[in-house]
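Each in C-alpha cells, the structures are laid out below.
Next come two complexes, and both contain chain A; in the first it sits with chain B, in the second with chain C.
Moving on to the complex of A and B:
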C-alpha cells in the first residue's frame, strides 16, 4: 500500500510540475500533457525508473473507464439543457471517421509501395 | 462545509460502488463489449441518483475529484509510450506519414462539415480533438472551450462507428498493408481499435496501439498550437 502511495506521489508531482510549466510560460498545451512528456523524458533518460511508477500507472490506466462515468451521467441528467442537433453531429463524426480511416490507410500503403519500388 | 463534504463522499462512494458492481458483471460475462462498465454503470447511476436525493448540480460538484484523477491518468500514459518507444523509433517515418495524413484528414473534414452545417463554437471545440484517446481529448477540448460531456459523447460515438465500419472500409478499399490497417484502426477508434487490430495479428495490434498513443501526442500539441496561431493572425 505504501509503495502504491509513493508511486502515485511521483505521478502527482509530475502533474504538478507540468501544470506549473504550463501556467508560468502561458503555454497552450494542458499541464497534464506536459506532465506526460516530463515523465516520458525522465524514463528515457533514466532519471525515473520504470518500476517506480509502473504498478500504479498500469492499474490507473486499467480503470480509466471509471473516470468517464461522472461526466456522462451529468450529461444524461442534464440532457434537456444540451442544445445540439444530433443528426448534424452524427454526420460530422461519421464523415471525419471515414476520412481518418482512408487518409491513414491509403497514405501508409502508398508509402510502403514507393519504398519497396525504390529498394527493389 | 459539512454538506459539501457529505455530497462529495456520497457521490464518490455511489460512483465507485456502482463501478465495482458493473465491473463484476462485465468480467462474469466474459467481457462482452456491450456490457462495458461505461454503459451499464452510467445507466445504473442515472437510475440510482434520484433515490439518493441527488440532483445534477450536487453530483457534478461531488464528483470533481475524478477530474484530478483523469489528469494523473494522462501522465500515466507515458508508461505505455515508453514501452513502445523502440517500435515507434524503428517505424517513425511510416507512423508519421500515417498519423499526419489521417489526423489532418480528420480535423479538416470535421471543420469543413461542421462549418457547412453551421455548428456552434463550443460544439466544434468538443469535436476537433475527438481522434485522440479520451482523457487527452478531454483536456485539449477544455483548453479550446469545449465541454467535457460533449467531448466524451463525440469520442465514444466516433470510436464505435470506426470500430464497426472500419474493417469493412479497409477491406473494401483493398488496403492490405498490416501497418496501414493497424494504424488506421488505432487512430480512428483508439483503444477499441487497437484491441480490434490485435485480432488480425501481432503486428497490426502493435501498430494499433502505437497509432493511438502517437495520435494523442500529435493532437495534444498541434491543436492548441494551431489555435494560438489563428488567434495571432
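Moving on to the complex of A and C:
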C-alpha cells in the first residue's frame, strides 16, 4: 500500500511539474501532457526507474473507465437540456472515423509499397 | 466535515458499483454490458431513488474527475515500453498518425458544419478520436463540453471498430502496420482491443498510434480550431 502511494506521489509530482511548466511559459499544451513527456524523459534517461511507477501506472490505465463515470452521469441526468440530433452526430462521427481509417491506412500502405519497390 | 463524509461516501459508492459492473461484464461480456454504461445507469438510478442531485453527487465526483490528469501522465508508461517498436517503425507511424489526426479533426469539423451542428458541439467533436482523458483536456481547452466529448469519443471509437474491418478489406489495405495505425488513430483503446484479432504487431502499432495521437492532438487540436475559425 505504501509502495503504491509512493508511486502515485511520483506521478502527481510529475503532473504538478507539467502544470507549472504549462502555466509559467503560457504553453497551449495541457500540463498533463507535459507531465507525460517529463515522465517519459525521466524513464528514458534513467532518472526515474520503471519499477517506481509501473504498478500504479498500470492499474490507473486499466481502470480508466471509472474516471469517465461522473461526466457521463452528468450528461444523462441533464439529457433534457441537451439539444442534439443524435442521428446527425452519429453520421458525422462515423463518416469522420471512416476518413481516418482510409487516410491512415492508405498512407501507410503507400509507404510500404514504395519501400518494397526500393528494396526489391 | 459533512461535505467530506458525503464526498467519501460518493467515491466509495461509485467505486463499488464500478467493481460490481466490471465483474458482471467479465462474467457475461455482452457488448451492452460495458462497465461505463452499466455503472452510469446504476448510479443514476441510485441518485434518483435517494433524491440526490447532480451537484451533490459531484461533491465526490469531482475527486474522481481529478484523477484524469494523473491518468494522462501514466500514458508515459506504455509509450516507454513500446519505445523500441516506435523507433523501428518511426516513419510509417508518424506519417500515419499525422494523416489520421488531421483527416479526423478536419473531416469532423467539415461534416459537422455541413450537417449544421451547433458551435459548442462542434468544439466537443474535434477531439473525438483521441483517448478519453486527453480528449477531455482538449475539449476543455478549446471551449467544448467535456461530458459531450466523453460520449463522442465512445461513439467514434465504436464506429471505427465496426466499420474498420469491412472498409479495409474493401479498399484492400492489407498491411498489418497500416491496419494497426488506422485502428489506433480512429478508435483509440477500442481500436487497440480490436487489433488483437490481427496479431501482436497490429496491437502494438495501434497502441503506440493511440498514444501519439493523444500527444499530437493536444498540440494540434487548438491550432486546427484556430485555423478554421470555428
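Quick note on the criterion: the second predicted complex is superposed on the first by the 120 of 120 C-alpha atoms of A that agree within 3 Å, B and C clash if a C-alpha of one lies under 4 Å from a C-alpha of the other, contacts with A are read in each partner's own complex, and residues count from 1 in each chain.
The working rule: contacts are C-beta pairs under 8 Å (C-beta built on N, C-alpha and C of every residue); 3 or more make two chains touch, one makes a residue touch a chain.
Computed from a predicted structure; not experimentally measured.
K.L.:
When the two structures are laid over each other on chain A, do chain B and chain C clash or fit?
P.N.:
By the criteria stated at the top, chain C and chain B clash after superposition.
K.L.:
Let me test your reading of the model: by the given contact rule, A:9 touches which partner, first (chain B), second (chain C), both or neither?
P.N.:
neither
K.L.:
Between chain B (first) and chain C (second), which, if any, makes contact with A:20: first, second, both or neither?
P.N.:
Once the two structures are laid over each other on A, A:20 reaches no partner at all.
K.L.:
After lining up the shared chain so the two structures overlap, which partner does A:96 touch, if you call chain B first and chain C second: first, second, both or neither?
P.N.:
A:96 contacts both chain B and chain C.
K.L.:
Could you tell me if A:47 is touching chain B, chain C, both of them or neither one (first, second, both, neither)?
P.N.:
In the superposition, A:47 contacts neither chain B nor chain C.
K.L.:
Considering each complex separately, which residues of chain A are in contact with chain B in the first and with chain C in the second?
P.N.:
8, 11-12, 14-15, 18, 28-33, 35-37, 39-40, 43-44, 50, 53-54, 56-58, 60-61, 63-78, 82, 84, 88-109, 111-112
K.L.:
How about chain C: which of its residues touch chain A in the complex?
P.N.:
14-15, 18, 22, 35-36, 39-41, 43-44, 47, 54, 57-58, 61-62, 64-65, 67-80, 83, 91-92, 95-97, 99-100, 102-104, 107-108, 111-112, 115-118, 121, 125, 128-129, 132-134, 136-138, 141, 146-148, 150-152, 155-156, 159-160, 163-164, 167-168, 171, 173-175, 177-179, 181-183, 185-187, 189, 209, 214-215, 218-219, 222-223
K.L.:
In their shared complex, at which residues does chain A touch chain C?
P.N.:
It comes out as residues 8, 11-12, 14-15, 18-19, 28-33, 35-37, 39-40, 43-44, 50, 53-54, 56-58, 60-61, 63-78, 82-84, 88-109, 111-112.
K.L.:
So in the complex, which bits of chain B are touching chain A?
P.N.:
Its residues touching chain A are 11, 15-16, 19, 36-38, 41-42, 45-46, 49, 55-56, 59-60, 63, 66-67, 69-82, 85, 93-94, 97-99, 101-110, 113-114, 117, 119, 123, 127, 130-131, 134-136, 139-140, 142-143, 148-150, 152-154, 157-158, 161-162, 165-166, 169-170, 173, 175-177, 179-181, 183-185, 187-188, 211, 220-221, 224-225, 227-228.
K.L.:
Taking the complex as given, what residues does chain A use to touch chain B?
P.N.:
Interface residues on chain A, with respect to chain B: 8, 11-12, 14-15, 18, 28-33, 35-37, 39-40, 43-44, 50, 53-54, 56-58, 60-61, 63-78, 82, 84-85, 88-109, 111-112.
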